[in-house]
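Got some structures for you, see below.
Here chain A shows up in two complexes: once beside chain B, once beside chain C.
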Partner chain A sequence: MKQRTLKRSNAPIFWALFGAGGMLSALFGPMLVFITGIAVPLAVVLPADTMSYPHMLAFAQNIIGKGFIFAIIALFLWHAAHRIFHSLHDIGIHAGTGAKLLCYGLAMLGTLIAAYALLAIGF
Partner chain B sequence: MNKRRPYVRPMDGWWRKNPFFVEYMVHEGTALFVAAYAAILLTGLVRLSQGEAAWNAWLSALKNPWYVGFHLLALAAIAYHTYTWFKIMPRTMPPVVVGGQRLPAWAITGSGLAVAAAASAALLGLVWGLVR
Partner chain C sequence: MSEKQKIIEIEVLRYHPEKDKEPHKQVFEVPFTDDMSVLQGVQYIKDYLDGSLSFRWSCRMAICGSCGMMINGEPSLSCQTFLRDYYPARVRVEALSHFPIERDLVINMEGFIEKLESIQPYIIPRETRTLAQGEYLQTPEQLDAYEQFSSCINCLLCYAACPQFGLNSNFIGPAATALLHRYNVDSRDGGKSQRMELINSEEGVFNCTAVGYCSEVCPKHVDPANAVNQNKTNSAADYFLRFLTPKGGAK
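== the complex of A and B ==
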């Protein structure tokens, strides 16, 4: 009998990141968009200085705040990258390695930029 | 060059012919808003790391009506993502058996949406409490 070696797939990693980002955006996405994109710019519901520099700097320097910001940005990106990559086929683009590199590569780039910025902000 | 030109059935706009697939494309399309919103947050984070002037410039840019309009659309899209995420959940998670009975789909979807509502309220309350 011919010995067949199965190549270990990397799909579960991307699937897990997609799932984690999907869950996080489902739980907190709408309220986050409301807070950062509507309530604060229009100064409704929340105090006008909610996202002032001292507030946001303190939040980003706090270890829990840092973790939250990193998880939100990185996992949202990985979720979207995975979903967009798998939808390319549906709109008639036969995605290959190039498209995969572009989608996941952008998510990876965003993750690294977020990590760098959070480290630059300090503790 | 291959002289054979096999017939390939055109598939343009295939999803527009069936409401089920239109819904599918809309809920997959919410990912574009998730990506754009993450990009806006990432820009804000980079501006925050560059100091107070950069941060304030980013913050006042968000007051632009185009940005507010985008965020209204993103709110609708991501809220729809929340709804479909938990609507699909009974089919994406392993069966949950409670007392010998398989947990019905509506119970999974309903508790997911309830948790999302609680998480949203908690987030707003936390932000309110932190800055008050």
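== the complex of A and C ==
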């Protein structure tokens, strides 16, 4: 038998973030589209000022609201980054490290910006 | 041959490395009856039209796994695919995708054989057992855990179906993962930690992007995609929990 040296893959980190993001987007994605895209602009079901600045500010300053916003933004981004990275591979763009850095780098950047903004907005 | 003998065109991808620069197609006109498989069609070609045509087969009953070919672009066992389902159109027969062609419809299986060896496809006993202890007993549930994955006939249709194996032939791939899983979940086996090293590696399950075509083409309902998926979970758990458990089973 040919002896090979096996290198442990770091994929579980990205796969776990991808999985968490997928789960979250399946659970909350359609609802968020409905609230932000239909219910609030058309003032159906929800009052028109649901997403007014004071309301949203209060939401973002609440610790649970903060966590929710952070998880939605960060995990959605990691999910998308992973999907795009693998789709690039599928259509024959094997940019390797470059594509990896670009995809996951953007997700990381988005995560950091979200974290910074949520902290800067205060409690 | 009777007057109403039906004739089907079979287009075969030919390749004889000693004289052909690259594979090329050749069309044969083959008389057939409704009970004839594609395998019988190519056998007719070999017996009556061109004795140099090469292909593998043995059992003619979807047991041995040697007659896999691309039939109209789909990975299929040629002995359980019937000419009547293509007639009156032409049927196209090619060597399995993603493998080097050895000659005509014969692929080079070496890469897969190495993978098969590397998963240690045999029971590694949990503890030494004497003859006096008698046979192993398993409950129906313990049998259920691995039975489906033990039905693999190594036909390699799933590899020909897998786009990720096509892009990276180092990927351990569907059947080898299914077989590896078959031993890992066997109650008699204690070799899981050795095998997980391969699952966790860069050649392991995370090359899979959950396409699922492998399970669709599998003639034995092994569902290799399921084995791959279960092992993504196992591998991720191992990745994150290895620092908590005394022996994580990988480097």
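The rule is short, and it goes like this: the second predicted complex is superposed on the first by the 115 of 123 C-alpha atoms of A that agree within 3 Å, B and C clash if a C-alpha of one lies under 4 Å from a C-alpha of the other, contacts with A are read in each partner's own complex, and residues count from 1 in each chain.
Here is the rule we use: a contact is a pair of C-beta atoms (placed from the backbone, for glycine too) under 8 Å apart; a residue touches a chain by one contact, two chains touch by 3 or more.
All figures in this text were calculated on a predicted structure; none of them were measured in a lab.
When the two structures are aligned on the shared chain, A:Asp90 is found in touch with chain B and with chain C. Here chain B and chain C are compared by how many residues of chain A each touches, and B touches more. Applying the stated contact rule after C-alpha superposition, one finds that A:Pro12 touches chain C and leaves chain B untouched.
Note: residues 86, 90 of chain A belong to the chain B contact set and to the chain C contact set alike, using the contact criterion stated above.
Taken in their complex, chain A has these residues touching chain B: 21-23, 25-38, 40-42, 45-47, 49-51, 53, 55-57, 59-60, 69, 72-73, 76-77, 79-81, 83-84, 86-87, 90, 92, 110, 113-114, 117-118, 120-121. Of all the residues in chain A, the ones that touch chain C in their complex are 1-2, 4, 6-9, 11-13, 15-16, 86, 89-90, 94.
Looking at the complex, you find that chain C touches chain A at residues 114, 117-118, 163, 167, 197-198, 200-204, 206, 209, 232, 235-236, 239-240, 250-251. Chain B makes touch with chain A in their complex at residues 11-12, 15, 25, 28-29, 31-32, 34-35, 37-42, 44-46, 48-49, 52, 55-56, 59, 62-63, 67-68, 70-72, 74-75, 78-79, 81-82, 85-86, 112, 115-116, 119-120, 123-124, 127-128, 130-132.
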